[in-house]
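Two complexes are shown next, each including subunit A; its partner changes from subunit B in the first to subunit C in the second.
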Partner chain A sequence: MSDRRLPRLLQSPAVVLLLVWMLIPLGMTLYFSFIRYVLNNLRRPEWTTPSLSNWRGLGNYEFVWGNKDFLLAIQNSLLIVCSILFLTVILGILIAVLINKAFAGRGIVRVLLISPFFVMPAVNAVLWINMILDPVLGLQGLAVAGINELIDGLRTMPLLGGFFNLWPELTPISFRATQTSAYAVIIMVTWQWTPFAVLIFMTSLQSEDQQQKEAAILDGAGAWNQFRFLTLPHLARPIAIVVMIQAIFHLSLYAEIEIVSRGNGNKNLPYLIGEFANNNIGAASATGIYAVILANIVAIFLLRMIGKTLME
Partner chain B sequence: MGRIQLENVTKSFGETQVIPPLNLTIEDGEFAVFVGPSGCGKSTLLRLIAGLEDTTSGNISIDGEDMTQVSPSKRGLAMVFQTYALYPHMTVRKNIAFPMRMAGLSDAEQEKRIMAAAESLNLVDYLDRKPAQLSGGQRQRVAIGRAIVRDPKAFLFDEPLSNLDAALRVGMRIEITEMHARMGTTMIYVTHDQVEAMTMADKIVVLQAGVIEQVGSPLDLYRNPRNLFVAGFIGSPKMNLIEGSEATKHNATTIGIRPEHIDVVPDSGTWSGKVGVAEHLGSDTFFHVHETGLTETLTVRAVGDVALKHGDTIHLSPRLEELHRFDAQGMRLS
Partner chain C sequence: MAIVAQSSKTGRVSRATLAWIIALLFFFPIFWMVLTSFKTDADAVKPEFLIWFTPTLENYVNMTENYDYWRFATNSVITSVFATLFALAVGIPCAYAMAFNPSRSTKDVLMWMLSTKMLPAAAVLYPMTFLTKSLGLFDTHFIIIVVLMLINLPIVVWMLFTYFKEIPKEIIEAGQMDGVSTWGEIREILIPLAWGGIASTALLCFIFCWNEAYWTVRLTTTDAATLSKLIEGNRAPEGLFFGRLSAVSAAAVGPIVVLGWFCQKQLVQGLTFGAVK
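This part shows the complex of A and B:
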């Protein structure tokens, strides 16, 4: 037995560190989610220190469930995560296939494609919401104003003027509004994370077997069928990796939501946790546990779906 | 039908010409083997015929129809690759069905042809497995099955057996030869192994640096090699090539004599030397003879087991009627 004891002993610091690292926060979150624990309460000062005597059972969970923002936050979390995943995977595959062919300046194009990934999330959000999506000063506002001006000019044309008179005047979209702020988040995060998908798919495409492609060419498969029956199944595993990593990252989006709308009509679960944590630690912890459950459901569901559709 | 004709075909990659103008006709139903050392352009030639590479100039026609600019899938040829090139995520059934699916055949017809191919290739029990679950020989058979169901004008094999172990290779060699006898379809087979070429071919095309050195039946090449390269390449073990005074005696720059055409005699042979390595195979014995004064090592084949061992003196007598004579350019002298 002694020959196995030494390796275990040597492994133990790392194992213990990881366990402590994971279990203590999780344990504390669970503990706080079952007690009354607030940062400031003048009437009930005993609630401001965590203690088992403040046991609340599932009360925090019921409180969070009943909160008017909770279902909206779950819905928003799912909308944002799924939209980003869908867009980055599709765009990632298209761009990766496009730049997999040899062309002049491919090296530079690749570096440029990767660069959005190096922008900090907060900077990314500030740039997009102020410089690109702003309805007045951003590119969007300028573009819409320009198009309106152009159509206005066409209305005075002798013959076709009547036709252009039927066209409506375009109004720029305010991406800070309740209805649209989630889309702004989706756009900016997709822009930032598509390079990640491209990078993973590109490396995978380079390992694709060329003889299989030649065999498929001889078998009469055109470009689309080669893509559908060879490239796409070949990419199934990298797609699963991209989806899983991104799902983990985007379920915890915070900076973009804070900067775009301060959670106005656009909360996701992390943002809701942040709001609760201003005072009600118990409710924040309960929301955190809900988030853990949601993340697991999403991960299992997405992986199953990809496995079924691509691996045949 | 499947008569393949190459007229003045050349191929260059950038500045380097890998195949200088080349003419070749492969008759319908023929089993043609392209053989040569690695890098001799035999695979490139096959890929040109398949359409996977474009010719730089010249014409390729199949059954009299010019196919030079026709896309690979429309040439009616099926190819079996060295790495099998099976589609890894599809079952054997789907792999075999793939070309028919691309051609839009009905499900019933597909199933009929899959079963016919699977039965003739002993794959019936493996139809629902994935390629990764098959052995090398089974994968090879799936690749052949995928070629058969297309009912092609000709089969192209690109070193199909080189990834198999020795025992399987002999088995598959016989299977492919039998398949050819049964189907009677034109086959073009690329290999660097002259034993495969000799045992399988109706017609061997010996290539070196993109140039056809000789075309002929296996025994024709064995008996009448046109030049030194073919003489040295065809036959196993290799022909002994002797230069110098012994060659001058026969009015040639180089003379060649195959190991099996040298007899071991008890004493007073034409040549004599010291036995180096003796390979006793039971049926044959191969002697590597040194200090003959002719060439560094002379290989001799004796039928049966001859009791000579390392260091013994051996007396040899070549059969003069089997002697090959070559001139200074390496061409055969009649």
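This part shows the complex of A and C:
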């Protein structure tokens, strides 16, 4: 008997650790979200220590819900997550189908393509916002300046000059403004996560039924119809998984937002929690619970899908 | 038939060309970072030195002086290595039990473990800061190791479980017949058999630890600060330090990108929890 119980016991360290990791901080967040708790308040010093006598019920949740930054953060979170999902899935499918067939140097192409995924998020953000997207010193700024100079030169041409005179002077886009910094985040995260989508779709395409495909070719199905009626249905499941995994990751996007748009109004939920946590812990906790709920909506679907394949 | 073959040949060539162009475009930012790292700070922002410039190693030589790179890199190595080792130490027995002595609850336990991974970290930001500060663990290697281990433990258990499941049960049971202890089974039979799977799990866990950028930024200031924190702290060089910032960034991501090339396959399994094969 004991030799069957011992192996089961071996699970317990991992289970206990994860249980503690999940329950204690989350329990505290839940508790703080129902009380008044601020780090600094000279008029009401009793609020600076967490205690049940400062019970606020759903007050923090109402306060956060009514806060205009909260709506903004939700909107921004959704804009960022949805844009990234859309772009990575489309690009991922196109690239995966493109490199699915053998060609010269496919191994190297794969290695080049996957590389962005391993770049640490902080480096990704610093690299893009400074060296590539900066309107003056980045490649964007240099490219725009170069094109303007070129057009300027062409204006002096004898005949075509008049045509080039009609061209407007290009102005570089600043990616540090409130709205455009969200685009910068979308660009850099799409760059980083498209390789992930490609990798997953490519893995899945390897298991596509080749006989079915050959039969379709014999029946005279064109490339588009093959893609539309065979490949795309085959990819349905991997697409769903890529969407859900990315949704969970990107809802808690932090380093990129922090680096690109610190203090310029472009916030997402994790960033807003960080801001609240500088003083108003009750509000930070309530926002945290909202974030948990949002992530759970996605997670439930994902877990169901994974659970189905688990014991196969 | 000849026409079909010919057109498909030009099709093949143009496909290959397009694939190469896309791959090079995706790699370009990394290439650009590495290229810039060989320019002086002054040259890095001058259009005339965009591609033709006198390469210099100055930025790499001065990395210690400019950024104290090695201190942060050492912290990254220490925290990532120990977090990975501890995750394996806890994860291997757990996955062993789940794969070879499954109970009715095994599936639920696995799913529950995954669900902990889906909690947004920011939700527990303040409690974690509060706890680590009041326990005197803020900005210590210990807390970073513990947190990195815990956030990666579900993936580690999950990946090991899928590898262990491939091993025929009979081999393990034969060991039991011979009277080998449970610990002996793990050490003498399981680990040698699943060595490849354990190694790729460790590699992937190490990469995730190295790149982690929430807790390593929020729970450290100086002593235990990792490379993520270093880069985050130098986020806005305003063009003055493109050269040196590129060098330190390239040094921070270079080893990991190379490691990543070796575990593409495992990445799919590790990140989709075995749901895409």
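Convention: the second predicted complex is superposed on the first by the 275 of 312 C-alpha atoms of A that agree within 3 Å, B and C clash if a C-alpha of one lies under 4 Å from a C-alpha of the other, contacts with A are read in each partner's own complex, and residues count from 1 in each chain.
Heads up, the rule we're going with is that contacts are C-beta pairs under 8 Å (C-beta built on N, C-alpha and C of every residue); 3 or more make two chains touch, one makes a residue touch a chain.
These numbers come from a predicted model, not from an experiment.
In the superposition on chain A, A:Leu205 makes contact with neither subunit B nor subunit C.
In the superposition on chain A, A:Leu230 contacts subunit B only, with no contact to subunit C. Contact with neither subunit B nor subunit C is seen for A:Ile151 once the two complexes are overlaid on the shared chain. Legend: residue contacts after superposition of the two complexes on their common chain; A:Ala215 is shown touching subunit B, with no touch to subunit C. Judged by the touch definition given at the top, the superposed model places A:Ala177 against neither subunit B nor subunit C. Between subunit B and subunit C, the partner in contact with more residues of subunit A is C. After overlaying the two complexes on the shared chain, residue contacts for A:Ile24 are found with subunit C alone; subunit B is out of touch. Residues 311 of subunit A are contacted both by subunit B in one complex and by subunit C in the other. Across the interface of their complex, subunit C is touched by residues 3-4, 6-11, 13-15, 17-18, 21-22, 24-26, 28-29, 32, 95, 98-99, 101, 103-106, 108-123, 125-132, 134, 136-137, 139, 142, 145-146, 191, 194-196, 199-200, 203-204, 207, 237-238, 241, 245, 248, 251-252, 254-255, 258-259, 262, 269-270, 273-274, 277, 281, 284-285, 288-289, 291-292, 294-296, 298-299, 302-303, 305-307, 309-311 of subunit A.
Across the complex, subunit A meets subunit B through its residues 209, 211-212, 214-221, 225, 229-230, 233-234, 236, 311-312. Across the interface of their complex, subunit A is touched by residues 50-52, 72-73, 77-79, 81-83, 85-90, 94, 98-99, 102-103, 146, 150 of subunit B. Within the complex formed with subunit A, the subunit C residues making contact are 12, 15-16, 18-20, 22-24, 26-27, 29-30, 32-33, 36, 45, 47, 50, 90-91, 93-94, 96-98, 100-101, 103, 107, 109-111, 113-116, 118-131, 150, 153-154, 157, 176, 182, 207, 210-211, 213-214, 217-218, 227-229, 231-232, 234-237, 239, 242, 245-246, 249, 252-253, 256-257, 259-261, 264-265, 267-268, 271-277.
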